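Okay, got some structures for you below.
Two complexes come next, and they have one chain in common, subunit A, joined by subunit B in the first and subunit C in the second.
== the complex of A and B ==
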């Protein structure tokens, strides 16, 4: 597991109140009831703050699974 | 310990039902990592904790997305012992919500209301089209927005007694007319004019406060405060990395609003008030001057003097030889604080927790109103675990960062300052002298006589309202019912028929102690009931309470009462007042949930003022 994947998984675990080892890269908005629009906003801002990055609106729309978010974080950080 | 470890520890403590330890560990986690991620974790665990927290309800009315700030605010409040319930208003519905007395805002019955609206939403013309406005139109816009703000303040007060915290308007990072803006009555000036009007409007009402949003934005950088993408797509006016700053600013208000305040700041000496260790480095070796690195410690000393002006007294708690310490305090040229600025000290080798307990006792204040400032994390931990009630300031590693940590510590905040606050340190000094006198004079009565006390009782008026409400809300020890009433409530009691709100001021041979006690009574059908009766710890054990009670009895007779009665409602802190009614000849007539109702038959009994106190009744 990449470092950003485990950090993103931890953020999602805290937010959705599940244990971090339950949050795999396929953990998604579709499969999680609590992942509504407010939770999505909380997730986006917490990830941005954690990694000191800013997502573009198009990127925010792509952030449907934990794996996708971690991939975006890696791309952002690679510049 | 690392954040991940602390999370695991919290969860296993919860499973083992060790709730207090779990709460302390959550607070530690919040200190280590105050991020949004941690806030979400803390919020998700609050419900499963069985610990005593003060409930407080906040409604946030807004023109933008604040949802991700709510967990940050709730986590910060939790670390202060507050269980915060937050309700958010609809986007841009703030005006209707305030003006409609039937709105969901008032159904929620908040303790405090925050109004978070940005300049662009109050004044789209001033914000977006300023360059096109002529002077008249700009002036009209200023008046329109100022009027709207005043109308909301009055509207909220009409329907609610909640505290009201209003964000002022931020000025633009890039004014519409560029450099010319500063050469003219420009855009920035127009927004500042609105802010001046807002401050004036707020001051006309009790419990209405301005949050300086413009200064907050400036402090963290106007250019990067916003994230325009998020604004356009999600109505988020604040970028992710600044959300914790917004939460912290709201949190600063929570302490004065819930009376979780520091009354005494207790400072360590070595590496805190000066750099280095006096016992080892000596007078020449310690760092304390206007230059680096001594300047960091001088900044701390200056801040301590500022605290004193806010009514927070200073004390020392240091592991040192007392003679070495005072040698530096009295004679080091870099010292800004002087010996007389400290109301008490413990300079010895005992555990700091023990010394803090003694300091609280000596100053006659609750241990939970002490703040402890020490550079040494081991000492901070010792205090946190041995006396968890003490508020501990978390200091960064570098002394250059101490001053910011102190400035940002919410229990130091005050939203109103009374004349008494500014003089408080004098009272403690006088109390010290009075104690010295007590040990010299013989009998108790000789001591009372030697104090030459004059007690002035004054019915509620606009001059003493603020101090009256302040005492009602913060007096813990000599307080018979510990009923808290807001300033707005107290003002209203003063006008109710049959009700009587009175304060007592005590002048003795050492000092004018100011207003030190309050009583509230209401008389109907020949029975006078004492709703509240309280005295500041400053004048306990000097028979001032008898003087005040004698006045209430006389006043009750005037109202035609034949009986005076009052509840004693026990709390953790008010045992000093438990025998008050009994000692004055009252009889127990009822008992409920631990409280006792005491009564005195005025047709047969009386309470007179002690002969050594001169009682003066002033007009309201």
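== the complex of A and C ==
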């Protein structure tokens, strides 16, 4: 598990109230009832604050799983 | 799954919007998007200063969401700024969790088009949209809601939020039948005026003249706008051109009042007087609304008092108003109005909020009211 994936998974686990080991890279809105539009916003803004980055709306569109969010984090940090 | 893209709403997308609305209705959404791209309120016409643009979020040929920007010029601390009202952001995420990400996308697309935007209304802070905006560090301000009751009997027989149990309903009906409600509510308003002003008169000087205008707003409105705008930290342009666009003389729903004393214009108020039918809050009452208005702070009380008297004399059962600025809210309370729970929330995007800093302190000067919202609907 990459450093970004583990950090994003931990943020999601805290937000959705599930144990971190349940949050795999395929964890998505289908995995929990708690992943609604407000939770999605809270997840993305928490990730942005954690990594000091800002996602464009097109990037938000790709954020369908925790793995996809971590991949975007890695891409943004790589510049 | 195709990527989501943003496009202006054009005729070609009408069937896709209709299908989107069907899915929203089927999923239990209380909101749907306009099913045609021609705004009923403030359509985009050549030369118009204020108009609405509609945008769609498309996935392939399917509409997954949309929003509206109503463009308007605002005076912010006396300087003019182009600002947009962010209206009706709708996402399929409301009814289908696999589109939960769209809510955030919609806000970010809107901010890309115009960073200085605001949302208004929204129902309550507990709803998804204000929660999202607050989490995105938008400046949040509850625009006060105030009301004054003219006919106590009609009020207690109809006001739904107070008629919550059978026992209360019976009590209110008896109070209405005996005339106690009229006396009781008149006493409450009198008490409010006494608390606010003591025995001091609301106004000095002769009673002002109230003109119920049938002609368009004119130079006098421009003159008042020029004199009044710098007294508010945030105020949508209310010159004659804008007023005639928002409240045209030919629209007979609007009661357009000019208040003058000795030939000097003190201010204006635009009002509605609506017979409600089985309204979820007002039942079958005749409810008048002070929708909008403008005056120098020293004259606001006179304008509010004159407009309220005018509306009650027409036969309204009650008068309501949402007024954001301290000058207008105070004037309402001085005139005996009471505050009720507000569902009218003003949310300023981070860039707009920056212009308004210190936000909490400057909120006393936000001259925000129903005139800045969706137009004369639900009133």
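One rule holds in what follows: the second predicted complex is superposed on the first by the 79 of 79 C-alpha atoms of A that agree within 3 Å, B and C clash if a C-alpha of one lies under 4 Å from a C-alpha of the other, contacts with A are read in each partner's own complex, and residues count from 1 in each chain.
The criterion applied here is as follows: contacts are C-beta pairs under 8 Å (C-beta built on N, C-alpha and C of every residue); 3 or more make two chains touch, one makes a residue touch a chain.
Predicted model only: the values in this text are computed from it and were never measured.
Of the two partner chains, subunit B is the only one touched by A:49; subunit C is not. Contacts of A:15 after superposition: subunit B is touched, whereas subunit C is not reached.
Look at A:41: by the touch rule set out above, it reaches both subunit B and subunit C. In the superposition on chain A, A:63 makes contact with subunit C only, not with subunit B.
When the shared chain is aligned, subunit C comes close enough to touch A:30, but subunit B does not. Under the contact criterion defined above, the residues of subunit A that touch both subunit B in one complex and subunit C in the other are 38, 41-42, 44-45, 55-57, 60.
Contact residues on subunit A toward subunit B in their complex (touch as defined above): 10-11, 14-15, 17, 38, 41-42, 44-46, 48-50, 52, 54-57, 60.
Those residues of subunit C whose C-beta lies close enough to touch subunit A in the complex are 3-4, 6, 91, 93-94, 97-98, 100-105, 108-109, 112, 128, 131-132, 135-136.
Taken in their complex, subunit A has these residues touching subunit C: 28-30, 33, 35-42, 44-45, 55-58, 60-64. For subunit B in complex with subunit A, the residues that touch the partner chain are 4, 35-38, 40-41, 44, 65, 67-68, 71, 227, 229-230, 232-234, 236, 239-241, 243-244.
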